[in-house]
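Letters A, B, C, D, E and F name the chains as they come in the text, with residue numbers starting at 1 for each one.
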Amino acid sequence: MATLGFVEYENASSEVRAVYDDIMATRKTEWVNNFWKAIAHDPVTLKRTWEDVKQIMAPGALDPLTKEMTYLAVSVSNQCAYCIASHTAGARKKGMTDDMFKELMAVVGMANETNRLVSGYQVEIDEQFKV
Amino acid sequence: MATLGFVEYENASSEVRAVYDDIMATRKTEWVNNFWKAIAHDPVTLKRTWEDVKQIMAPGALDPLTKEMTYLAVSVSNQCAYCIASHTAGARKKGMTDDMFKELMAVVGMANETNRLVSGYQVEIDEQFKV
Amino acid sequence: MATLGFVEYENASSEVRAVYDDIMATRKTEWVNNFWKAIAHDPVTLKRTWEDVKQIMAPGALDPLTKEMTYLAVSVSNQCAYCIASHTAGARKKGMTDDMFKELMAVVGMANETNRLVSGYQVEIDEQFKV
Amino acid sequence: MATLGFVEYENASSEVRAVYDDIMATRKTEWVNNFWKAIAHDPVTLKRTWEDVKQIMAPGALDPLTKEMTYLAVSVSNQCAYCIASHTAGARKKGMTDDMFKELMAVVGMANETNRLVSGYQVEIDEQFKV
Amino acid sequence: MATLGFVEYENASSEVRAVYDDIMATRKTEWVNNFWKAIAHDPVTLKRTWEDVKQIMAPGALDPLTKEMTYLAVSVSNQCAYCIASHTAGARKKGMTDDMFKELMAVVGMANETNRLVSGYQVEIDEQFKV
Amino acid sequence: MATLGFVEYENASSEVRAVYDDIMATRKTEWVNNFWKAIAHDPVTLKRTWEDVKQIMAPGALDPLTKEMTYLAVSVSNQCAYCIASHTAGARKKGMTDDMFKELMAVVGMANETNRLVSGYQVEIDEQFKV
């Protein structure tokens, strides 16, 4: 039920409803997922987080699918169950196929492995890589 | 200098040299970076890790640049300094522009933020996201 | 049921009961939560952990509520579900209001975001911050 | 030197200067630390991040010192060297004494320890803690 | 049910069955656990991961029990619930007693605590420890 | 120089000296490493941490080398540079050979990889593994 429970649309203030409406319009859906309803108890955080997500995930130098898969990759690496479930759904909606998912997971797994081989062997940064 | 030091090409066994040669041929470079030279003290790990990386990072359903940026995203999230330096260089070589880098970092930062808002508010997974 | 199950008061050794009694007396409660009952199979770890927690969480330069909220912040950042549930309850008992909780979560989220922007952009420590 | 280098005030656009000016005015300092100068290559991220930090770290239900110490606690837990250096300085400026620092570190260490005892023993959430 | 569901033996390709057969033969069991059945949708990843695990976990300079307990220690530190459950079972099968488990957990907890005291106090590496 | 600097033996209180003496006697060395000298500004934390480490790392159901390698494995997984340097030295002193080190690193890397494959594929815990 989440720490503070969920703010459902019918009980939401006009301020919260405006964010919910924008989420649904932007995503072309007719529902709002639990994350937003959980943080809506803090309308300032709700609005700031949504505005940030909307700005960051918009098409730019990277396409929305690449961004969504990056979001998923980070969530998998952090092992956040909710985030993995929601961003797997989000990435699929934006076009992630099963083959893309499988390759993405392979990269995330490999990166986590070599990140530790690097630290374990105390590898120094090559001069060529220094900025 | 790394825990066990580096295995330089001139001192390497033929087994290790074969991996080094394949790394340079695959990457079209004339040098091998410290990571491989550090783990080359364990030729079995060197060979297995390189074969895995080569297989995973090859073009497939995802293009090599997307894979390299995902590798970078995970390394940034894990805060592995060596990995960030080497995969930033790797991604640039594969075509990552400054604008792509900036957007990638924005997504990684945002994902790390909302991963914690989710856990902090103890958000339950929506029925729609369950597999 | 936890890896080794729980040691209930009625089945506990006098050594374990002494710790349970001290936990309940210190916290002014009439029950012991699962964490302690799970590690009680190792009475040495039970006693050491409890003595450490009691010492560290006692009032000092920081008040007990600030300490409990810090404990919660770390648990949220680490995404430890049990710890988040127990320390949210603990912090509320010590006076954390909903508004304090919301602001705490906002800080934890933000810190996790900028921690990654810092690593991703490979920011060097300013001379002014060096110790 | 940071991945993209630093944007110094004298070379900054008016858009970036406006953020730098606000940082210095808000913090009552005459310099801008490397973090902001590193991300200033992305003025949108610079502005968004600063506005977010300013909003989140302002006095509210939690005082600025408690917020700054929470930021430090998370950074320590994540082992982000730059963030630890900068937020230690920030917390001291807001009033953190050595004794407060020591107690804060003790809590962060303890929380990281028990977070793993909990996961290792596979402890179930108590009914009393469920929301 | 896992993101892509499970590939059961009776529906598996001969390529996947060959890996399943080798897992069961190597482990002297008559079943394959969910992890392998979940990633079997990607036969390349299934085969690579199993070959790697088999190579790495084989007896060598370290005995299989020490390796399995190390695997468990890392999984506990990362708080991966599935991995903790499966590697606790695996370690027990290889001879981990309750007393060994308890001491292992104590070390994992302590390491996580001092890792943060080290970062929090910004401790420099001693000359004696440099490689 | 560490946040609060180091407490050298000649400037230490008798309370701190007693801990330093015990560290050197227990480890059969003639010096105290930076970690202890950094936290010695907080004698309570110094004493508690040392007593805990001494108790946990003593021979028991697990031998001291296995414990030290576990400590190293966790530190590598957490990417704590100081801890990796100090516990690599510690493990070698207790008998870790280069071959043992290499195998240990391979296990740590692999565990970090499969921990993420598990979370990414959202694998459910097998009935057989439930406690």
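Rule of thumb we're sticking to: a residue touches a chain if its C-beta (ideal position, glycine included) is under 8 Å from a C-beta of that chain, and two chains touch if they have at least 3 such contacts.
Just so you know, these numbers come straight off a predicted model, no measurement behind them.
In this assembly, D is the chain whose CA centroid lies farthest from the centroid of subunit E. Distance between Cα centroids is largest for the pairing of subunit B with C.
Taking A-B and A-C together, the pair of chains sharing more C-beta contacts is A-B.
In summary, the pair subunit D and subunit E forms a contact in which both copies contribute largely the same residue numbers, shared numbers making up over half of all those used.
With each centre defined as the average position of its C-alpha atoms, the distance from subunit B to subunit E rounds to 21 Å. Mean C-alpha position of subunit A lies 27 Å from that of subunit E. Averaged Cα coordinates give subunit A a centre that lies 34 Å from the centre of subunit F. For subunit C, the set of residues touching two or more other chains reads 1-4, 39, 45, 49, 52, 77-81, 85, 88, 102, 104-106, 108-110, 112-115, 117, 119-122, 131.
Viewed as a network of touching protein chains, the structure reduces to a complete graph with every chain in contact with every other. Within the complex formed with subunit A, the residues of subunit B that make contact are 1-4, 31, 33-35, 38-39, 45, 49, 52-53, 56-57, 60-62, 66-67, 69-71, 73-75, 77-78, 80-83, 85-86, 88-89, 97, 99-100, 102-104, 106-108, 110-115, 117-126, 128-131. Chain contact summary for the complex, subunit B toward subunit F: residues 3-4, 39, 41-42, 45, 49, 78-80, 131. Those residues of subunit D that touch subunit F in the complex are listed here as 79, 88, 98, 101-102, 105-106, 109, 122.
Note for the complex: subunit E touches subunit D at residues 76-77, 79, 81, 84-85, 88, 104-105, 108-110, 112-117, 119-122. By the touch criterion given at the top, residues 1-3, 5, 44, 48, 52, 55, 131 of subunit A touch subunit D in their complex.
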